[in-house]
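Two complexes come next, and they have one chain in common, chain A, joined by chain B in the first and chain C in the second.
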Partner chain A sequence: MKTSYMFPYAWLLCAVVALFQHTPAQAAWCTLPDTGNPIITVNPKPFTVPPPSTCLLTYADLSDYIEVASRQANITVSGVVVGTLYDRVWCKGTGTTCDSSNTYIIGTRVRMAETPVNFPGRNPNCPVWSGTSNDCFEINNFFRNIRGTNASPVTADVGYIMGGSGTANDTDPIDAVAVKYLEYTGKTYKGLNQVTPPGSSTDRDNTKVMFWADTNVFDPDGENSQWSPWLLVRQNCPNDGGTGVHYQLGNFAIKYWQGGEETQIPTNIQAQAYVCK
Partner chain B sequence: MTMRSRIALVLLVICGTGALAYLVRGRAEHPVTQRLAVPNAQQVVPPEVEPGARSNDAPAPAPPVRCAGQRVRVVIGGDEQDACFGETRTVQNGSVRLYEVEAMQGAQYSLRIEALGSAVLSAALRGGASLRFRCEKGDCRGIVIGRHDVEGVRTIALNNAALSEVRADGSPSPRAVATLTGELRTVPEDRLPALACAGQGVSVVTSDGSASTFCPNGGAGFEIGADGHRRYRFTNLDGASILIGVDDDHHARRVEYEGEEVLVCAAACRVRVSRYSAAGERTFTFEGTTLLEATMGQRNAVLNGTLIVPSL
Partner chain C sequence: MNMRGKSPYWRMGLCIGLAFAGTQTALAAGFERLSRTGDEVLTYCNPTDSGLNHACRVTSLPGEPGYLLVAARSAPLIYNDVTIGTLYEKVWRKASRPRLYIFGMRVVMNAEQWDSSGAAFNVNDLFRQTLPNRRVSIAYYQAGATKALRHAGRTVQGLNEFEGYEPERDNTWVDFRVDVNAADPDGVSSAQSPWLLTKTRAPSGFVLNALGLRVLNSDVADVFDSVDFFTAGYQPDGVPPPEDDDDEEEDDE
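And then the complex of A and B:
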């Protein structure tokens, strides 16, 4: 008898647990620390699925923002195009008007190319970029310039979006879904095999934000993620001298770092990208 | 003919014969240095010694090496050597362009120059396993990357460019400086698959004879201005941009070229702007579009060709 009374409650408890287990966590921007250890943990390997709410956003979280700039560009390594950068800027506002808060999001996502363009006998899963390595280019860390200095840091919030309603093989930057999550983030200019999270104060660089998200169309670890998540940083970008300019396309504003996770050649690639003024 | 005239004629014949013999002999002993042909790829010319120029008994010093490539004088601590480099190799990494030359013969140096457009980011000279010299940004002021000429070639002038010795670990060493003097020529970008235009591009011919092809290999996109209008931006791998401001009627209101200089068309610009295609692309056709230098208005550039902004 006692068991029969308990069963509905036990079932209800299990149902509640199951509900929480599969419901997407509440979206939350992460505010990066400006002092002390620079790196915070988001969802490192082995990945927690579904992911924790830390820094995790969806497109609905951008509903108060207006897209004001969008571009795409080749990612070129040793003269070989290994992927595509999608770079965007949103401002807080309504309709077509940015509001006076000067709140801007600069977001980026990349897609690594899958079409081989090299020689017969090389890796058929990607355009091989090195004459001495058969590996596809893997981005382990993304760095981008942000407002602030080490002496006078400017608050930066970070978020990431895994994608939309598409699949991992989609070609649309909004719909496509990333496979691998944002693992770590912080204000540093160091990445894989250069720093061990959470790092120390000597690893801090308040002029940069680092996103740690492995992106590789044919990853030697066996789990491919052709798309990175959307990697977003939100800051106050003031009206530069009253010119109405809050952001610009900056030289060397983004850096991709292949850190050699599976003995690949450590490689830095710097390129143009949007940057807060 | 008088006796006096006969004597003068005989003296003239004797002097003329002597002068002719002197010239012939002098030419054999002091051969005139030949002007070298224009550097051409990896061709190596063997050293030549003129027959009869030296006594066979004398110990022969190393004959001067003719350089069919790109000759650069390298001075390290008072020791001068000529490096003979092969064709300039160009490699693009992100926004950084690497110009690299290797010695074909003579002193075995290699030289690497990293640049964004005409701005030198760094230069490094290597000789053998241990000799390393380097300069960065403002310290490389002796290296000047010129604009594209009519054939699309840039000249890299080395004007007593000073590179400081660095230790094997990369730290600077105060011991020595390498000074480079000479000239390198780049390969036109349209001959390099990684830099050549693929299906689109705009020729830019300036009033002072510079010519280049603008390829949007650095990216394409749009920005929305405070007035709500879109401004399309195309960038090349030199970091230069072409910007087209478009009004609600799909007309180009303003065209700008932002590079080593700023050139502008502020009104009635000859650019056709397409509607969006089914694929979401938009095409801009330049039909002799003339841009004026923004500050002095003394130079102009004429643009012809097509740029396509992809679906974004």
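And then the complex of A and C:
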């Protein structure tokens, strides 16, 4: 009799253990609010180390996803290449087949250039891009287009990955490790010195996702982070009118914002990037 | 007697002399010297596009006689990987005083979409570098532009970049305030700027600086929506590089 009751209890115990084992990974994705204050806190300065689990992922959390698109492009300011964009698209699926959930992740990370291609006497740590400043270009915020409108928002989950098994100086976008964390994220088109987190409803823009991550190869604050983390946004990207197209390369779909954290010149640069159809 | 006999020639000579002097004065009157000390940085030219206002205006290139064209170039203006216009530059050197130059530039903009707003690029200020310890005079040649030069001054602060009436002085830069837009929302479009002329000494000649010109688009409701970029431009050789912020702070102390 006792034996006959033991099996259900053991099964339940295993199920609970399994649930707890998976809970941290599942909970790490952050679902962005669609109403009210747009910005949520992740790991702002001064950084908490080790970082809290908020929005924090590892590559293992992408094991249910297939990479379906990949590109890299120059980040150009005033005709000067100041960094490289790495852009990826993953879909939920197995093998080589995306499943019918239409769940897509669009992710990006950047690497800021360290080679002084011009005016080495002005700054030997990076390509100088300004006629009035010797500072290296610093990205404080990344913005990208997402599905949804202010009237009809579409759920968006955000996660970030600090990198892999490499170092902060690595050149491989999978292995390299970011030094600085994702600080804030939310559905807004405002960044550093434009909005104070958590912002207000007037700062909301449900057509954009904002990633607040200080990325600079030679930062005046004394802590360099040549690589940004992988900055991921997950949404439902339906088959566009039966065409089989779920994503595309969109013009001005990503924006880099240098907000002037250390009195740099506020500058925004927009470029092509992947977007949900 | 002799005087009378010579009178017609003397009068004719006087008239020719005055006419020549008058012509020289009219041509040279276009150039206005910019201040290089004090709080009054800006020199006003034609802020209202008045046809009656000829301040800073010249009627030909380079605006004064005796100059020889020594360099000319054109280059695309690119922002966000989009070609938004073309820059034209010319450099003239005075034949009789070879250290004296006139640097000229104009931009011709198009209506290509260059950011997510969809608006055409609006040029509010064009900045050029000069030697800070040399005098600078400026002028403009309309050359078919719909809108005139508003004002100029030795500063690198343009529209909506300073409070009050005068920007911060920076003698390494000359600002030309214009309003150039191929599809201006104000209803009056001027796709091309006038020729914007900078007369100054360049004892060591001139060079092409990869970041020597600044283009500013700042007629926006939120100052953080302003955009600017730098592009290559001619300038006198020897313009000092920008100081680091740390250096400026030390100077202030």
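Convention: the second predicted complex is superposed on the first by the 249 of 277 C-alpha atoms of A that agree within 3 Å, B and C clash if a C-alpha of one lies under 4 Å from a C-alpha of the other, contacts with A are read in each partner's own complex, and residues count from 1 in each chain.
By definition in this document, a contact is a pair of C-beta atoms (placed from the backbone, for glycine too) under 8 Å apart; a residue touches a chain by one contact, two chains touch by 3 or more.
Computed from a predicted structure; not experimentally measured.
Taken together in the superposed arrangement on chain A, chain B and chain C clash. Within the superposed three-chain model, A:194 lies in touch with chain C and out of touch with chain B [touch as defined at top]. By the touch criterion defined above, A:59 reaches neither chain B nor chain C. In the superposed pair of complexes, A:220 makes contact with chain C only, with no contact to chain B. By the touch criterion stated above, A:269 is placed in contact with chain B and with chain C alike. Of the two partners chain B and chain C, more residues of chain A are touched by C. By the touch criterion defined above, A:134 reaches chain C but does not reach chain B. Using the contact criterion defined above for the overlaid structures, shared-chain residue A:252 touches chain B and also reaches chain C. By the touch criterion defined above, A:77 lies against chain B and chain C together after alignment on the C-alpha atoms of chain A. In the superposition on chain A, A:122 makes contact with chain C only, not with chain B. When both structures are laid over each other on chain A, chain C collides with chain B only at 127-135; the other stretches in 127-135, 199-207, 217-225 or 271-279 stay clear. Residues 76-80, 251-252, 269-272 of chain A lie in contact with chain B in one complex and with chain C in the other. Touching chain A in their complex are the following residues of chain B: 90-96, 116, 192-195, 217-226, 228, 233, 235, 237, 239, 241, 310, 312.
Taken in their complex, chain A has these residues touching chain C: 76-80, 118-119, 121-122, 128-135, 145, 193-194, 220, 251-252, 255, 259, 262-263, 265-272. Note for the complex: chain C touches chain A at residues 78, 80-81, 113, 115-116, 129, 156, 173, 209-214, 222, 224, 226-232, 241-242, 244-245. Chain A contributes residues 67-81, 85, 87, 89, 96, 244, 249, 251-252, 256, 269-272 to its touches with chain B in the complex.
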